[in-house]
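The structure that follows is given in the form of structure tokens.
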Amino acid sequence: MAYKDEQLNEEKVFKDPVHRYVHVKDRIVWDLIAAPEFQRLRRIKQLGTTYLTFHGAEHSRFNHSLGVYEIVRRMIGKFTNYPHWNREERILSLCAALLHDLGHGPFSHSFEKVFKLDHEQFTRKIILEDTNIHRILKRVSPEFPKQVADVIAKTYADKLVVSLISSQIDADRMDYLQRDAYYTGVSYGHFDMERILRVMRPIEDQVVIKSTGMHAVEDYIMSRYQMYWQVYFHPVTRSAEVILSKILHRVKFLYETGYTFKLKPTHFQSFFNQEITLRDYLRLDEAVVYYYFQSWLEEDDFILYDLCERFINRRLFKYIEFNPNTQMKEWMELYRLFQDVGIHPDYYLVVDSSSDLPYDFYRPGEEEERLPIHLQMPNHELKELSRHSDIVESISGKKRTDHKLYFPKDLLEAVKDHKLKKQIKEILYGQGEGQLVD
Amino acid sequence: MAYKDEQLNEEKVFKDPVHRYVHVKDRIVWDLIAAPEFQRLRRIKQLGTTYLTFHGAEHSRFNHSLGVYEIVRRMIGKFTNYPHWNREERILSLCAALLHDLGHGPFSHSFEKVFKLDHEQFTRKIILEDTNIHRILKRVSPEFPKQVADVIAKTYADKLVVSLISSQIDADRMDYLQRDAYYTGVSYGHFDMERILRVMRPIEDQVVIKSTGMHAVEDYIMSRYQMYWQVYFHPVTRSAEVILSKILHRVKFLYETGYTFKLKPTHFQSFFNQEITLRDYLRLDEAVVYYYFQSWLEEDDFILYDLCERFINRRLFKYIEFNPNTQMKEWMELYRLFQDVGIHPDYYLVVDSSSDLPYDFYRPGEEEERLPIHLQMPNHELKELSRHSDIVESISGKKRTDHKLYFPKDLLEAVKDHKLKKQIKEILYGQGEGQLVD
Amino acid sequence: MAYKDEQLNEEKVFKDPVHRYVHVKDRIVWDLIAAPEFQRLRRIKQLGTTYLTFHGAEHSRFNHSLGVYEIVRRMIGKFTNYPHWNREERILSLCAALLHDLGHGPFSHSFEKVFKLDHEQFTRKIILEDTNIHRILKRVSPEFPKQVADVIAKTYADKLVVSLISSQIDADRMDYLQRDAYYTGVSYGHFDMERILRVMRPIEDQVVIKSTGMHAVEDYIMSRYQMYWQVYFHPVTRSAEVILSKILHRVKFLYETGYTFKLKPTHFQSFFNQEITLRDYLRLDEAVVYYYFQSWLEEDDFILYDLCERFINRRLFKYIEFNPNTQMKEWMELYRLFQDVGIHPDYYLVVDSSSDLPYDFYRPGEEEERLPIHLQMPNHELKELSRHSDIVESISGKKRTDHKLYFPKDLLEAVKDHKLKKQIKEILYGQGEGQLVD
Amino acid sequence: MAYKDEQLNEEKVFKDPVHRYVHVKDRIVWDLIAAPEFQRLRRIKQLGTTYLTFHGAEHSRFNHSLGVYEIVRRMIGKFTNYPHWNREERILSLCAALLHDLGHGPFSHSFEKVFKLDHEQFTRKIILEDTNIHRILKRVSPEFPKQVADVIAKTYADKLVVSLISSQIDADRMDYLQRDAYYTGVSYGHFDMERILRVMRPIEDQVVIKSTGMHAVEDYIMSRYQMYWQVYFHPVTRSAEVILSKILHRVKFLYETGYTFKLKPTHFQSFFNQEITLRDYLRLDEAVVYYYFQSWLEEDDFILYDLCERFINRRLFKYIEFNPNTQMKEWMELYRLFQDVGIHPDYYLVVDSSSDLPYDFYRPGEEEERLPIHLQMPNHELKELSRHSDIVESISGKKRTDHKLYFPKDLLEAVKDHKLKKQIKEILYGQGEGQLVD
């Protein structure tokens, strides 16, 4: 690479509650952080609607992105003396780490599902098209933006570089587990990252773990498992996600059926039409979404109004355990009964299965993109982790799915027809309300 | 009080990173938290623009309000056996603690200054006028809302109750110091709250501290001192505040001078006219503010556009030490020079003194509203803290002010007239740029 | 119970790094802590030789005993309103918690094995025979000492009381896991005890866990698993234990064969003769043991001198993986070769299997004394934990044993006969020294 | 220096609860840690009798010594690129840091006072005379041991090296404040060491602090102040120290007056005769001291027996505030009354002033050996800290002394002559016992 790393006169630091300090010495990194497309990540929460369950989880993707960068920086610091590590990949690794989530929009999961988007494509576009980020990256070399995008897309030739941010034990996950645990305040999510960094060894195309560090990795895997079930798949968070998705569906439906909005959804138009320009995409941050939701409290359409009101004021749906595979009959009946009492079941009777959410704890072989974790034995042989660890083995095979049925208890209670109401409640709660989780 | 405390079937908890858990047993408290006016606090950051300096500081006033409630709950738990503590004030204390910041709007400091508002008046209105909060409070008794408002306004007869949330060492401060330290990640802000709670003694009209706990209180006072200078008055945060104020000034000016906005500032109108209804006020959260700022990037007025762009993309003003009292001449000269080079000094040359910001570390006698801290000696005599503690004495007498001059370095650099530019820079930086703090 | 709880004038606290404060309000508890037999626990390390591996692990059994007391105190505080909890058992539970480890001597594991002792018998004796502890307990009632001893011996009628300090998730373990993690500095050992205390429910004869708290219990079980393999069974600690045991064996052998000591092992005499009085037992603390070991550096017997020198100066044995069940032939050969080169194999060639050490992570059915953990489902049915948790199930079935062969590498290196030396090394290390763990 | 740093094949780490890991790469350092004279520090508590007040404070000088080494290692890591830092001093700095407390004996303060010793002389002897430590150091170069001793003695020519472990803000203090806070569990003692390390700048003959880091240093100074008054000078700890000193005085007196001991104080003999050899000194660890104290419980001399019993079983003296300068008359009277009732006042009536204990918080000019802290202003000028910081200024001028009078309340209570007893109590407590601190 012809580019000579341009260093800042003096190292800069960001005070970070998780890693204490984030250190920046490269001017490129400094300038990327200052770019509007990166600053925009401050206006997008790392955990979307989770703050409605864990009030501390109000941190942004900006936080997390700095954290991933910092972990990669520390990894590389330990790698410099290993033969397989190519020192010329340093600045590439740092930039890819910093920018890996750049294309996230507000409440990505719901938006992606409803509007058939893919935030990774937008990450790519922001890096490759005519943006501040692109112009900064190009200062390294003309092909540098493409290299950064390729690392993030996992198509870059040097798989070792890719694995820093995309493997079963990469900087991305190590940051978010710790960070999300810190901000939610849950006691899971802690593991000995310093030890993991110490036992990481870069070999040809991946980072492996010295087998003496296996227990630290077990602990990390357990943290992940606990964070998924305790935080990421929390049923209250999913209730908010359900409502959010239904708002988007409703507004799309209204738009398509010619409803006259008091506040026209200008910012959403290109989303409805599936012709989203990068400029439109970058303008849509959480503030804009909240602005619309609040404004739609003035709309005449009851469903849109009601759903927005629920989201804004946190009047979420209640839920019961409900398996759509085995309870199809009840489902059909409830659907019909909801129609009969005038509660639109397409919006108000929703099965959510946690496997719809990003589920990625350790399952070797299932996710082709994420490399499994290999232990390096004293004789330098490699062993896949679950072959060596009882604990990891125990959780790696089993896919666990959690199904819940969400519905607005308050609307049901307000139903006038006592007979229908009773029928609905009997299906939902059986004899008592014992089944109702709260 | 005729009201019999209505308890929840089962205690509810919120996971809180600072206090581990926030415990709720009273239905009133539970319902207040669920009220839209309280949920709205989730959309207002506790520390306004501080997140632009400390990226972790993205927590909301919702967080802090729960925390103050929890501390008061713990205090009261320790008070029950003391003769001066009136057990009937329990629910009143809890509600006042929870609601004490209810009237805060987005970026309160700037909004209050520019639009001559007082968030305490809005707290009062939300409690006393026709709101969900009001209706919930009235379930206790018809006069209960007024009592809650009076406690918050410090006019309630039982000064002991008032002091729980308004004294030099109240639940409000104990929460925010710890919370702000936690989210920013700074190491100040920690003190031994558990010990302070143990040595608090309710006497007639205040909470005093057993003298054996003096060192814990010293530590708390020092935390406050450090948090003010390290976090709350951080010059970068103030740079953002300066820009924010200037945006509001500009938009007000444009409105008053008949400028035609592409996006009409509907939500601000009643602010310009000084006829703010409660409904208008409650609608204005941070999302709305950000929505406008982003939209104004499309406006033709350069100043409005530029300031909004700076705020959104964090292109802040630079600053130098500058004392307006002793450097009036330089100020006048700079003002004139800025005019000459076409940079409007009313918006781009701003002196900010930290005493403009809420400055309230321990100064007995200066702030009539905040009661000083009294130590209770072994012989039950009371002594004002600074009479007994060298450390507190040392910082209690001295008012410290920090003056900075803010300006847009980039605009200056772009000035074409080299002579004028050089003159400006000489005043700002002297011979080099050494004075420029960065 | 006729005894009326005598309370201290004012609650006393101990500053504790793990639980922040240990609170004492009962005079009985206060007096027990001040008793010489309890103060003696300050002179016995909680983790014996572990400090030679983790230098922070220098904390005493005094620390831990206070911690167990404090956890039981908090448990009881939550139990008072449950029907199955008998409030009259409060003081009994607190005393049993405080005193449960009272009979521990220095380096209990080695001493118990070599001298065929049982520290639980000594706990019982200290409580029941004529001691300060006994006299204090008797102030409650004549039968109170026996009740305390019975709770500790798990024979007390009210099994709920027993289970507080002797179950799979009792105060004993919850304290030591957290405490040992704190002092060693390892990142395992943390779990959300506050949450576990919140979901504990006293039923007839045990404490069960509300099923919503299952994940917190999983986390606790994992902590235990990790602490066992990372800390308690650490091979370096076991090396020190091996040497310690061999010192005791050697000194016993010398005593029995009429060796003339320069420093007569007066304090050990009754141990050799298996006629240990309580007074002798109580005098033997770690200071006494270290005093002897240091003095024996002056003895003429090489083995005694050498082993003591190793222990005092931490010149431990090295070790390799070695399975005595499958490698009997190598063992026999090594034994003979060690004899040939003049290194006494009874002292210098030692297989240690970790199942010799207290191994008690979750295996329902195997340990009759420790009750398994039951979850209480929403319908109040009980389910044994491993039936409900994949993770616990995965580690509960499997007994894991770790075998190591310990030997003094330095003595081997000093062997003059190169042929024999080579033979030994080939068996130990194969071709290289790769097998040697260190 | 001709010596080429010999590195270990692989970096070794010690798990440390304060610094997480202590890293060792130099074989010299590794070997020094393994030397018997260094391992001996495991048998000497860092805080002497403090564990009788704060039960967690059972950590040894071994812990602290590793910690100081680690901090110096980190400092040097940051210094390598500064012109004033001589890279050749690296190994010297590390060794001096590791060994700076090597000459400490058990309960140094009391032993030094009673036997007129100086642990620093013993540090020097261990380094310079024929010891394992000396032999290891000599491998670097013949003059290396002397250099290490000189750095510790503060006489080494390169004052910058000296200042790393002997200045107002050196590695020694930074470690012990944090470490002692960690083990005692007090919340003081925390400061942002990482930030301090970042703002340290090595200049000619000292380490100065970039002025932007002033607040972190203030916080450190405050920690020191709080730790002194809350932990190091705690009156209960001083009570134990008083008893310990009196034991030593008594045994010396008995020895000198020909008393026949049941257990002859062999280990102390050379201390009594002021002819202490290095070998005698190194043999005297805390285990030996405790062994004697326990054995002396069998002695016929009541005073020796009684004082030992108090120390072993923590039956400490009570105390009142008492100023010997202003209360000489009371003192004389008490002395006479104690004699009259047969309680030997030389052993049982003791004034202790905290300035007898190592009192060294920030007082520029008073302690010639400890360099003051200098801030480096943006213009590179140096300013002494207290000139710039109000807080430091406030505590730096004032010498604070705390006087207490210690006595055995239980012996007084047992006095038969009611009139004399009453007289004593009136002087001690005035009318009530209110003055008695407990």
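We call the chains A, B, C and D, going by the order they appear; numbering starts again at 1 in every chain.
Here is the rule we use: a residue touches a chain if its C-beta (ideal position, glycine included) is under 8 Å from a C-beta of that chain, and two chains touch if they have at least 3 such contacts.
Each chain and its UniProt protein: A, B, C, D = HD superfamily phosphohydrolase.
Here the structure is a predicted model, which means the values were calculated and not measured.
*Asks:* Computing the C-alpha centre of each chain, which chain sits at the greatest distance from chain C?
*Replies:* Measuring from the centre of chain C, the most distant chain centre belongs to B.
*Asks:* Pick out whichever of the two, A-B or A-D, is joined by more C-beta pairs in contact.
*Replies:* A-B
*Asks:* Please work out the Cα centroid separation of chain A and chain C, and write it as a whole number of Å.
*Replies:* 44
*Asks:* Based only on mean CA positions, could you tell me how far chain A sits from chain D in angstrom?
*Replies:* Taking the mean C-alpha position of each chain, the two centres sit 52 Å apart.
*Asks:* Counting only Cα atoms for the centres, state how far chain A is from chain B in Å.
*Replies:* Between these chains, centre-to-centre, one finds 32 Å.
*Asks:* In chain B, what residues contact two or more other chains?
*Replies:* Each of 20, 186 in chain B touches at least two other chains.
*Asks:* For chain D, which residues are in contact with chain A within the complex?
*Replies:* Listed in rising order, the residues are 13, 20-21, 194, 198.
*Asks:* Report the residues of chain D in contact with chain C in the complex, numbered from low to high.
*Replies:* By the definition above, chain D touches chain C via 14-18, 20, 34, 36, 39, 42-43, 51, 54-56, 58-60, 62-63, 66, 182-186, 283, 285-291, 294, 312-315.
*Asks:* Under the stated contact criterion, what part of chain A meets chain C in this complex?
*Replies:* 186-188, 190-192, 195, 215-216, 218-219, 222, 225-226, 229-230, 378-379, 390-391, 393-395, 398, 400, 434-435
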